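Okay, so chain A shows up in both of these, paired with chain B first and chain C after.
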Partner chain A sequence: MQGFQDMATIMGNLNALAGGLFIIAAVGIVATRQVGACLKFFIFQSIFLAASAFLLGARPFSTHLMAVGVINLVTKVMFLPWLLRHLLKEEVYARREITQVVSIPTSLIIALGLTIGAYFFSLPWLKAAAVTGAPRINVPVGLAGLLLGAYTLTNRREAVPQLLGLLAMENGAFFAGVAIAPDLPLIAELALAFDLLILIFVVGVLTRAVHERVGTTAVGALAKLREEGHK
Partner chain B sequence: MSKRILFNVLQVLVVMGFSPLAMGVLNRFKEIVQSKQGPSIFQPYRDLWKLFSKDEVVPEESSWIFRVTPYIVFVAPIFVTLLIPVLTDYPLFWAFMADMVGAGFVLALGGFFAALAAVDTANPYGPMGASRTRMVGFLAEPIFLIVFFTVSFVADSTIPFIVQQKWVTPISNFFEPSHILLLIAFVMLILAEKGRIPVDNPSGHFELAMIEESKDLEYSGKGAALMKWGGWMKFFVLMIVFLNVLLTPWGLASTLSWEAVLLAIPLVLIKILLFIVFLVFIESSLAKLRLFRISEFMSAAFVIAVIAMLTSAFTQ
Partner chain C sequence: MILLVLITIPLAVAVLSSFSRQGRFGGTITFTGAVVVLGLTARTTLEIVFSRQHLLVAIPHWITLDALGAVILLLVAVVNLTAALFSLGYMDFKKTGGVRRYYVNFNLFVFSMLIVPLIQEPSLVWVAVELTTLFSVLLVGFENTHEALEAAWKYVVLTIMGAAIALLGFLVLYWAAKQVAAPYHTWQGLLAVAPKMSPVLLKASFVLILVGLGAKIGLVPLHTWLPDAHSQAPTPVCALLSGVETTAVLYVILRLLPIVSAATAIHAKTWILIFGLVSVGTAAFLLLGVRDYKRLFAFSTVEHMGIILVAVGLGGAAAHAAAMLQIVGHAVTKSFCFYAAGGVLLGMKTRDIASVRGLIRRAPLTGAALLLGGLAIAGAPPFALFLSEFSILKAGLNQGEYLATWLLVFFIAIAFFAIINHVSRMVFGPDENSNPMRPGSLPVSCRITLIIAAIPVIVLGLFIPGTLQKLIELAAAAMGG
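For the complex of A and B:
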């Protein structure tokens, strides 16, 4: 019985650790210059999300959460990077983005403020609802992931990091979701995963077209509309 | 009681005796990774012997600060050694003299005097290095404080001997997110504080790019020996704090007997050897950051430390 208790505590702690690393990966997406490194941070973030789903689903055993973890691993860790790599040229990933809207140390401080804000706003609500256990850990982390993803969208100018910011927001929502609604129908998860791939496909093709026409993927710099044939 | 005093003195002797060896091993490993043969691991001892038997030259224009600094730099890590668990997992005689914040203060005092002495001689490179060290130092300060606050919040104490017990009793505490994240932040701190790659290149001899090394350019003879030895001891002490207080509080003596304490010495050295291998891995796989990128490195460490604090403060 004692061993059982210990194991449960260790798994709770590991889930919290996955949460902490999840936030750090989100901060990494905000703050890294190189587009390729940004993509790696997103992959790490998805791995931590899957880890949290597996840890929560292991005891008591839940097929739904395990399936969520597997869907995450397959779509976000394996298929998505493969798709992005094939849609866009290698040159896009090697590019360093030096014209972020806010400088990196400042945006790290802002990211920190957003994280603290996520804890600050979600915890009173969780305490009022007398929630204990996993949601206490996952909801603030998920909210922080959501806010950091939104910040990435506003701060980055390259197309791929912007897309990753959007996906990081989705990851954050999922991170909170696996704890709050562990019994979400599997069909919803599958539909979402499929939607995600369509989204990446569309954005990827669009970025590719932009890259071919304008010669850059810094979509933040595109301010004017151009008409066809007006070269 | 007399044993507790003796063990405490023994700790100091271990740190004094083995810190040059740790440095020698680190340098040798790095050279081997770079496909060179490298100096013997006992080279730091020979350097010390050479410097101690040489004459000392002191610039005429320098003030008393220049002469006092080597002694302060040498003594500061020794004071800290009295406060931290090097060999035992129970408090020794001087353990309650100061807590971790006090130990950090004593170490910072050594750095402060080293910076003053570098400015004192008006050598053009000294003040430049000193001001850069201060820049890294003041970026490291908030991280130090947040790490200490988190540790004391989790362990309800700031005495290193007591904190050390907390992470392994029960063992599930080891996997607490705040613990693991603190470790990451602390490794980044050690790299910054001791001027290792990626913050500074310790083997560089180009004065314009130096950060940590340029402070003792003007010293010769005994002064240089004390400065170097003090620096190595500070590095050793930081590694001991990281390994014995934060990461692996195992392998330490738990009884008040000579056998247990003497057995702890090789175990601690093995832990340090493993950590050195890890450091060599980091130093050989990263490039030195440009000066103004250091603030990004430090703010990343700061973010990790604060997230460690958040996850410990709110999940309980």
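For the complex of A and C:
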């Protein structure tokens, strides 16, 4: 019995570690200039998400969470980089973004604020649910991941980091999900993964079209369509 | 069973059209598929209205259809048919490449909209909603111009961002349901346990879903992508996007509403009312200064989504029935408006309102259609939207919500003036300093679409068939008190 509890504590601590690293990876996507490095941070983030699913699903053993972890690894760690490399030319990854909307040091402070905000924002939820254990880590971390992803979207101008921001937001929602909805029907998990693949494919194709047609992947600079109504 | 056949058809057509060598074939089978889908939908709708349970079950707890879902399904099927018909001539006329890709995406897009009202498991509904975005993005960017690609990019980024927020909302909803051990995680199952669920979690999930899906419905302030995407897409796609895609997503919020209304502390209806009023107001003022006639109709979609939300937020049987009628009226009228606008665009090759004058003399059919559409969408009598807007105002005053109702009247009046002003100048304005080019004659299928799509616009204003009236009442009842 003692051994079991020790094991549970260790698992819990490891899960907390995965959560911490998950946030660091999310901040990495916000603060890295080079597109290729951003992609690496996203892959790390997905690995930590899968790690959390594996840890939570280990004891008591849950086939379902294990499946979620595997689906994550396959789609985001293996398939996504392959598909993006396949669709987009090498030069897109080598690009360095100099003109982010907000400078990187300021971004880091905003990221810190968002993370702390996510913690306080999710406190009432945790209190209402009266939970112990995993959700106490996963819900605030997941919400922080969601907010950091949204911030990435507003701050980055390159197409690929924007896509990664979208995917990071979904990662955040999933990170909370592995703790609060561990027994979502498997069909839903599969549908979510399928959905993600289509998202990556569609945005990849669109990025390529923008690159070919407009000659840049700095989508933040696209501004032909303006709100005429404001004039 | 019939429901499963119904959703398989667009998938099958998508597969078939991906094999077709010539674009013509894809168009023909898409149209045929649309006819069959509408026929089956009409049958299921009749079955629902006249059966005792008002419910059709294909797979228990997974795929079922009730009256509220049937309204959405029917609207998707109707607009799908007219859009498929318009596509035939439009794609021939445009002579662009990628016709095969167009029809594959078109059918997948229709498939994703058809499954939204059928699925009962909320997390799978989220997947279906996300699919509606993903399958339509490449259609929005289809013209492959700088503007179209920009619109597609904005569309995908903002709506998927919203979807991610909504996903957390759906997961929190699942969390709340798990704590009270909901036997089935379906809309019905949730409704049964809703009073026992934690109000804090329920509120969190509701706000996340409202904000997240609000981006897709075009609620202010996340509406900025909508006029771009709804104006840059090919005309038949605009009709689908504006007419039914927004409605199909709005449906998810309507489903959620009775569940969250169970906890009065959430003030769900107040949230919806405020979101709605802000959207109507913003859209009304933006309509005044609009310069592109496709954007005119796109902003009018934001306005109408806002009006529907205000009606839903007012609550009560009368307002809910009016909201359903507004949904029906908007879908058929807005799709018709886009066909008319598409006709103008094919003839004049410009989207600029100021460059289009005297349409009624140059192209009588298109001009008349644009005038009819403009009047109907602005809410002039004797059209369906006049009836529904009038009922909403009446319901609002009966409930003593004077401030919200008078604000709504004010905004609707501004929008009415703006739309009529722009449309009447395009239709009747003097020809001077306008585009010298004579409008080319419209492809036959587009002409037929204009005539067919005009029928429900005119008929629904004069008389609402008994079956439809019954369906609307049943659907309004499904939205709770």
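Throughout what follows, the second predicted complex is superposed on the first by the 223 of 231 C-alpha atoms of A that agree within 3 Å, B and C clash if a C-alpha of one lies under 4 Å from a C-alpha of the other, contacts with A are read in each partner's own complex, and residues count from 1 in each chain.
Quick note on the criterion: a residue touches a chain if its C-beta (ideal position, glycine included) is under 8 Å from a C-beta of that chain, and two chains touch if they have at least 3 such contacts.
Keep in mind that this is a model prediction, so the values were computed, not measured.
Trainee: Kindly say whether there is room for both chain B and chain C on chain A in the superposition, answering fit or clash.
Mentor: fit
Trainee: For A:P140, select first, second, both or neither according to whether it touches chain B, chain C, the two together, or no partner.
Mentor: In the superposition, A:P140 contacts chain B only.
Trainee: Which holds for A:G20: it touches chain B only (first), chain C only (second), both, or neither?
Mentor: In the superposition, A:G20 contacts chain B only.
Trainee: With both complexes overlaid on chain A, does A:A150 touch chain B (first), chain C (second), both or neither?
Mentor: Only chain C is touched by A:A150; chain B is not.
Trainee: One more residue to check, A:A209. First (chain B), second (chain C), both or neither?
Mentor: The answer is second: A:A209 touches chain C but not chain B.
Trainee: Of the partners chain B and chain C, which touch A:V74 in the superposed model: first, second, both, neither?
Mentor: Neither partner.
Trainee: After superposition on the shared chain, which partner residues are touched by A:A176: those of chain B (first), chain C (second), both, or neither?
Mentor: Touch partner of A:A176: chain C, not chain B.
Trainee: Rounded to a multiple of 10, tell me what angle the C-alpha centres of chain B and chain C make at the one for chain A, in degrees.
Mentor: Computed from the C-alpha centres, it is 150 degrees.
Trainee: Contacts for A:A188 in the overlay, against chain B (first) and chain C (second): which applies, first, second, both or neither?
Mentor: Second partner only, chain C.
Trainee: Please tell me which partner, chain B or chain C, touches more residues of chain A.
Mentor: Of chain B and chain C, more residues of chain A lie in contact with C.
Trainee: With the two structures laid over each other on chain A, which partner does A:I10 touch: chain B (first), chain C (second), both, or neither?
Mentor: Touch partner of A:I10: chain B, not chain C.
Trainee: Return first, second, both or neither, reflecting whether A:Y119 touches chain B, chain C, both chains, or no partner chain.
Mentor: A:Y119 contacts chain B only, not chain C.
Trainee: Please give the least Cα distance, whole angstrom, that chain B and chain C reach in the superposed model.
Mentor: Superposed on chain A, the two chains' closest C-alpha atoms are separated by 19 Å.
Trainee: Which residues form the common part of the chain A surface touched by chain B and by chain C?
Mentor: Of chain A, no residue contacts chain B in one complex and chain C in the other.
Trainee: Within the complex, which stretch of chain C touches chain A?
Mentor: Residues 121, 123-124, 127, 130-131, 134-135, 137-138, 141, 144-147, 149-154, 156-157, 160-161, 164-165, 167-168, 171-172, 174-176, 178-179, 185, 198-201, 204, 224, 227-228, 232, 285-292, 295, 299 of chain C touch chain A in their complex.
Trainee: Which residues of chain A touch chain B in the complex?
Mentor: For this pair, the touching residues of chain A are 6, 9-10, 13-14, 16-17, 19-21, 23-24, 27, 31, 104-105, 108-109, 111-112, 115-116, 119, 123, 136-137, 140.
Trainee: What does chain A use to touch chain C in their complex?
Mentor: Listed in rising order, the residues are 124-125, 127-129, 135, 142-143, 146, 149-150, 153, 159, 162, 166, 169-170, 172-174, 176-177, 180-181, 183-185, 187-188, 191-192, 194-195, 198-199, 202-203, 205-206, 209-210, 213-214, 219, 222-225, 227-231.
Trainee: Okay, in this complex, where on chain B does chain A touch?
Mentor: Checking each residue of chain B against chain A gives 170-173, 175-178, 180-181, 295-296, 299-300, 302-304, 306-308, 310-311, 314-315.
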